[in-house]
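This is the structure, below, for whatever I ask next.
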Amino acid sequence: MTAEVSKPAPGGGKVHLTHGHLMALLRDMLRVRRFEDRCAELYTQEKIRGFLHLYNGEEAVTVGVCAALEPRDAVVATYREHAQALVRGTSMRAVMAEMFGKASGCSGGRGGSMHLFDREHRLYGGNAIVGGGLPVAVGLALADAMRGRDAVTACFFGDGAAAEGEFHESLNLAALWRLPVLFLCENNLYAMGTALRFSHASPDLAARAHSYGLPAESVDGMDVVAVEAAARRAVTAIRAGAGPYFLECRTYRFRAHSMFDAQLYREKAEVEEWTHRDPLPRLIDWMRTAGHLHDDDLKALEDAVATELEDAVAFAEAAEWEPVETLTRFVTSAEDRP
Amino acid sequence: MSTFKMPSLGADMEAGRLVEWLKKPGEQVERGDIIAVVETQKGAIEVECFQPGILGRLLVDPGTTVPVGTPMAVIDDGKDEEPAPAAPAQAREPAMADAAQAPIAPPPAPSRAVASPAARRMAAERGVDLAALTGTGPGGAIISTDVEQAARAAPAPAPERKPGRVDPAAMRQAIAAAMARSKREIPHYYLSATMDASRAVAWLDAFNADRPAADRLLMTLVLGKAVALALKKHPMLNGHYGAEGFAPADHVHLGMAIALRGGGLTAPALHNADARSLPDLMAGFRDLVARARAGTLRSSEMSDATVTVSSLGERGVDALMPIITPPQVAIVGFGAVLRRPWVADDGATLEVRPVVTTSLAADHRVSDGHRGALFLRDLDALLQDPEALT
Amino acid sequence: MSTQTLPPIPQTATTTYRECVREAIRDALARDDRVFLMGEDVGHYGGCYAVTKGLLAEFGPDRIRDTPLSESTFTGAGIGAALNGMRPIVEIMTVNFSLLAMDQIVNGAATLLHMSGGQFTVPLVIRMATGAGRQLAAQHSHSLEGWYAHVPGLRILAPATLTDARGMLWPALEDPDPVLIFEHVMLYNATGPTPDADTVKAVDITHAARRREGTDVALITYGGMLGRTLEAAEALEKDGISAEVIDLRVLRPLDEDTVLSAVRRTRRAVVVDEGWRSGSLSAEISARIMDQAFWDLDAPVARVCSAEVPMPYAKHLEQAALPSVEAIVQAARGTLGKGAP
């Protein structure tokens, strides 16, 4: 372990950049990246079906935000939420088994890639209705506020959700009732295949949030430390009773919207340009430069991630299918009820 | 699709009157299921279905008399299309074009009564004939209360089976037709032999000695079983003579001549007599007698016999010269079992023994006297070894 | 859970449906501090139909929450709060407005238990007004409860009596799963004897109720149509026709046993549903009768539904669009093969 060093984070957020912390950030980013790549492969092998939305390129957002959260905090996410589950503590086995649709998946095989849930880690889903998670997050925070609990609800959504009525309703209501919600806009510039500039008269999402009375800022979503710093500022403010906070993380997704699309909506050059800002090499390079990462460390980390991943795949492969006899379980709490 | 047609229940049956349907449209029917009761000159006969499937539309209403071969119901056997049923000959409206294809136009089949599901179920349960009711429901439909009233109006609860009504005159006509045809078409030859029945009688007495009356065997059955076994070696006497000539039967279905109270005669088949035990045959025979008198014989029983046994012993007759029942080719007659002087095996001593005179009438188109004689010899031998008959 | 003692409300011999609903909410708020009410104009205004009048003063703004006109979000917030340990009562002004929250109800409340593999229950109660009769025209008058009754995961209630209005809310709040309660606008002013405590306690949210015994035809209805259906039964009685009246009470899951037993006894059924006929709850009930009691029927199942028209404003048109007592009588007579009286 090295002594604490600090990296000048934008805006002066206090991130304690110990070697251990940096390694933890890197480890989570690697876990997400390798997991997503493996999912793409498994999709081509038909092990994973349905819609599969991968997070490549956006890892710094979830890893940075979650570094600022406590276990008691809640997370509401979108259909592109493998990262939130993996980083918040859901085991890779349970997530991969869910991808496979197996009974030991974190949603019992009933949710799939878009609907990862984990009660233990307060992950309230993978919501595949764009904007649908925002009101739920408001309600989660409302309950915490009414019960006097010191918990923040981190609500992830994309730039597409900012066009939904629920975005406006929820920001307004959370601000009105000063609820402890951290609104996290993962702005990857495309609502599926429609560029932000084609769907928003004003692309300044932070300004929009600000108009509802929320403290709002934008951050480089490709810089995990910057994201963490911003998230820490937000969480600190929320815990202090300032009400909700809006954080726009400017990021980019490297892969298609869902598993495969022709990507007619963006230029190859644009993708190329963003890959130069890939948050993973960026962190690795910075850590190397700062003396926090040696080749052996990286190899050991990669090996550990590979081992965890292969174990998860083997686990998912071997896992049992939920018996068809239980098809109508969990429709209502009374299992015999139609 | 196939149709269930008015069956021929005897060589001389030309038409039958549908007494009732025993299955409802929509019910699954299997080969051998009784689906209707048909009244013939010989009585009311339960008619089997030979086509498995789902009973579809009923084309003939109870009370209607239709010629043999008339489509009476549609059976969905999962094949093809439903054949166009022949249009009623006496339909109020002109017959449709395809009716011309039907060689015999059936009488009118009144349109199916409109009845509610509840009425249909209740009618089936209580044996009420929907066709006889007037509906008071929506659109004149027969509804459950109509059926209830009808069931109540009936003096007694409708019995499970309507007793067959035998018209003695009609039956006499049928017998006349069959016998006249037999004498006209079949060149009979007759043989007879008197046989030692002492062993059979002794065996029968011993068998019956400690049995209650209901379980006792009749000599007729012992003799019948002997005939059935003997015929196994003489197939030319067991079978049907039809348009294609003679067809020997695989099994011996014994037509057991039964005199009916009030006159008349019927000879329903005791199936597979060659393969069944005597007690089983006896039970079957009792059942046949009871149902022959109740008029609830099955159609197969009326047409399946491959040979007939007629025993007039109880009436004190020594011997009989019976007439073959077409399309069979033989009939065996037994006189009374009488105690008579008998030359013992030593050829010198006279003994008193029970004897029975057995006669055979057979169709000369199929067999000769030599064959008949061999049959009688084998029959005699079987009677000397009654243990083998059980 | 904590309880508080309510100041006694003077017991009157008679009460209204509105007061019964209010009393039910008061009672729930007093019994369980996880319970709170939110919706449009439930606080300062006192409720669009005056149901919640006085509750803000009694329970305070933390538990009687006026919301912005954001149906989707305050309904979704109800889901979130329910997920997080509360027992929210969300009031949506009318079923027509609930369409703005339908995503949260159908894609959220109804699915979360299943999608999460049984991890998350949503003990949420949503109340809303439904039905026509107040000349509120085509955006405030429809009966869309049948749509919600289509959705697995939801329990749908339609209190048609004062006792049910008073008694259904508490068991609904005790249900771990989302429950929607539809209050017909024409019932709020209905008066009757104050339901006594024991009767209220005995109210369940699982069974249909036989509101009238009869032998010739079963009239099956719910909610706002119960009154007219009972009136029709009276009219039929004068005509010598004995009509049974079944109040469904619970639109999902349907209490088939009660319905089928009535049909089997009377052999005829008329379904009276204020919803439109096409693809309706009445269609579902009719189909289940065909499925399971076909051989007991003496007539096709008849239906009396609203005319297939957006609800018009003018009183005579509105009334013409709704199932009338006469239409119910006619339909019942029709099943008996009788024409106009």
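By letter and in written order, the chains are A, B and C; residue numbering begins at 1 in each of them.
Keep in mind that, in the parts below, a residue touches a chain if its C-beta (ideal position, glycine included) is under 8 Å from a C-beta of that chain, and two chains touch if they have at least 3 such contacts.
Source: prediction; values computed, not measured.
The chain with its C-alpha centre at the largest distance from the centre of chain A is B.
Across the assembly, the chain pair joined by the most C-beta contact pairs is A-C. Chain centres defined as mean CA positions place C nearest to the mean of all protein CA atoms.
We define each chain's centre as the mean of its Cα atoms; on that basis chain A and chain C are separated by 41 Å. Mean C-alpha position of chain A lies 85 Å from that of chain B. Chain B and chain C have Cα centroids lying 67 Å from one another.
Against chain C, in their complex, chain B makes its touches with residues 116-121, 135-141, 143-145.
Chain contact summary for the complex, chain C toward chain B: residues 267, 294-300, 334-337. Chain contact summary for the complex, chain C toward chain A: residues 36, 62, 65, 67-68, 70, 72-86, 88, 103-104, 107-108, 112-121, 152-153, 155, 175-177, 253. Partner chain C is touched in their complex by these residues of chain A: 74, 76, 105-111, 115, 117-119, 124-127, 129, 132, 134-144, 146-147, 153, 165-166, 169-170, 172-173, 176-177, 328-334, 337-338.
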